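Here's the structure, in structure tokens; my notes come after.
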């Protein structure tokens, strides 16, 4: 994998952070509350935050949003999921969502590789 | 809740079983293999089958398919999830999928009530 | 139009109210906050609540949710939109969303007729 | 199959015709033009109308619209497709669209059975 | 914001114009009629063209199409909407469509910034 | 058309092949079986493989996935469809899926041009 690909994940993180700042700078109370609600959704509740990150990943994959997939892959890796667990979750998304999900499977696998290279995802 | 509502879940089960028979009776190898693949998806793997049922539920909810929601709710109840855990999973679907998911939240809550009444879902 | 059809809208209102009660009775803080956020979305802000009801209608139509369409049609009628304005908005949804929206156009037209019959929607 | 199920297809045809009349009675030029455009789409062109009916069916199935599926199934049967050809087309929709399409496969199979019973679809 | 970002909107405009030319050069009567119908949709009717541009924006946002969002943002800016009105409309899309819309909110905010820089969008 | 655009299709082919390798290297039995099932879907059956490629193209277009569109456009060209037949199929997708499909029509037309330039697609 090239240095260029390594940058793809870093670039996403930076663009995501800057973009979120712009959204919040628009200073709309409803949007701010939605962002706050979104953050709280993945905190421990009746289910652990870790379990809910995996739910967020599968929801993102069947709805075919690469940015959402990348965000939840990183969160899943940080929550301690191993690669084969994440792949098993992505397989659920593939079967529920069909072959139209395959391009996002390719994207997700590349992101997992990047997360492994930087040490965020445990190899085994 | 009326006797009529109780029947809604039983009627779904029967219609689903009969419908699946008709699909398989069409005798198409690709369709049969897909059904087989679908069944295997929720067996224990790197993740437990129990975890994957919850993933299937959330995928069904964000894609807004009541029949799929009912099926996975029943599977989740049988796998041992408690109501508040299922509700916490549905909340992830609500936040990811937005207010367009709300009618399916209403449907899911009614199904959960029916599953409780028949003893499939533990109340607490 | 038959008495039976008249009941379709009343039945929806009752089922929607009962269903929302069940969702809120599940007593999940995130869900309650989402419902509250949803309600506030259509209040006067930089845009009037009236304008935002029309936005909600078109969003519901392109996402093809009959319950959401019925709810926003009623809100639009109560906000004072005339039938031809609502139809003009539905046409935007038809063109953006394509012929797959047509069954929901049929549903919406029947709902508009019911709203006219009960006097919620001004005829002209 | 019960008499009741036989009525499901006839009821759909009547409701569809009445609903389309209501849509056109709204007298919106854009909507009328869209309906006209939609009809013309399935006439012979570079591809035969018969081929395009099958394309319309698969598009309807992956977008998960039962009314659209029923309409195109009838058009496909009248265009001369045999059941196993239609099933082979539905399998493409299943694989592209995933298990979320399965409830619509069940619906389609029942409709095919009704079309066979009334003689619109050739058995073999 | 960098010069590079400024180019993103200009590049989109040029690619869109060239792409539309290619689509129309394919010389398909149905496609030409659809494009004509699409253009007419946003002209004054029972609703003003200005109102319908906002409907088009929200429809594009819940259906998560960045190119469509950029096009309608520009049209909304030219129609005279102020930034806080557009943001209020995008909030409706966010609540209806859920957190999966957030990456498109980030995209939209950047486009709004570009439109402000070039003077198409009034700052207040 | 620039040399740069020519590379867009070649780059896609390479990225697609490498990405699929990564997906299969994850060594998940369910995913491998899905990929195998997907490949078999487009082989001759009750319908010819050629017909099913066109179904796959239209399904990809209404679901708005550029990578899937590019893949099926290439398969359709190799199966012997002429440009005006492919355009007629894309028109079905446009009418079913609406104006939200237009950006994907633009993308598809550019891909068709690239396929013509390299001789994969017959001009007439």
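Think of it as A, B, C, D, E and F in the order they're written, each chain with its own count starting at 1.
Here is the rule we go by: contacts are C-beta pairs under 8 Å (C-beta built on N, C-alpha and C of every residue); 3 or more make two chains touch, one makes a residue touch a chain.
Source: prediction; values computed, not measured.
Enquirer: Mind listing the chains that sit against chain D and also against chain F?
Expert: Both chain D and chain F are touched by A, B, C, E, going by the contact rule given at the top.
Enquirer: Across the interfaces A-D and B-D, which one involves more C-beta pairs in contact?
Expert: It is B-D, judged by the count of C-beta pairs in contact.
Enquirer: Could you check if the interface between copies chain A and chain E is built from the same residues on both sides, meaning over half shared, or from different ones?
Expert: Looking at both copies, the contact residues mostly diverge.
Enquirer: Write down the chain pair in B-C, B-F or D-F that repeats the interface of D-E; the criterion is over half of the contact pairs matching by residue number.
Expert: The chain pair with the recurring interface is B-F.
Enquirer: Quick one: which chain's Cα centre is the longest way from chain C's?
Expert: F
Enquirer: Fitting the CA atoms of chain C to chain D, what rotation angle results, rounded to the nearest 5 degrees?
Expert: The best-fit rotation has an angle of 120 degrees.
Enquirer: Please compute the C-alpha centroid of chain A, do the same for chain C, then give the distance between them in whole Å.
Expert: One centre to the other, that is 33 Å.
Enquirer: Approximately how many whole Å separate the CA-defined centres of chain C and chain E?
Expert: 24
Enquirer: Can you work out the whole-Å distance between the CA centroids of chain B and chain E?
Expert: So the centroids are 38 Å from each other.
Enquirer: Please work out the Cα centroid separation of chain A and chain F, and write it as a whole number of Å.
Expert: Chain centres of chain A and chain F, defined by C-alpha means, are spaced 27 Å apart.
Enquirer: Scan chain D for residues touching two or more other chains and write them down.
Expert: 28, 30, 34, 37-38, 41, 45, 59-60, 62-63, 68, 84, 87-88, 91, 94-97, 99-100
Enquirer: By the document's touch definition, which label belongs to this structure's chain graph: line, ring, star, complete, or other?
Expert: complete
Enquirer: Give the list of chain C residues in touch with chain E in this complex.
Expert: Result: residues 37-38, 41-42, 45-47, 51-52, 54-56, 58-60, 62-63, 68, 82, 84-85, 87-89, 91-93, 95-97 of chain C touch chain E.
Enquirer: Could you list, by residue number, the parts of chain E that touch chain A in their complex?
Expert: Interface residues on chain E, with respect to chain A: 64, 83-84, 87-88, 90-91, 94-95, 99-100, 102-103, 105-107, 109-110, 113.
Enquirer: Tell me, which parts of chain D touch chain C in their complex?
Expert: Those in contact with chain C are residues 15-16, 19-20, 22-23, 25-26, 28, 30-31, 34-35, 38, 59-60, 63, 65, 67-68.
Enquirer: What does chain D use to touch chain E in their complex?
Expert: Residues in contact with chain E: 28, 30, 33-34, 37, 40-41, 45.
Enquirer: For chain D, which residues count as touching chain A in their complex?
Expert: Contacts found on chain D: 62, 94-101.
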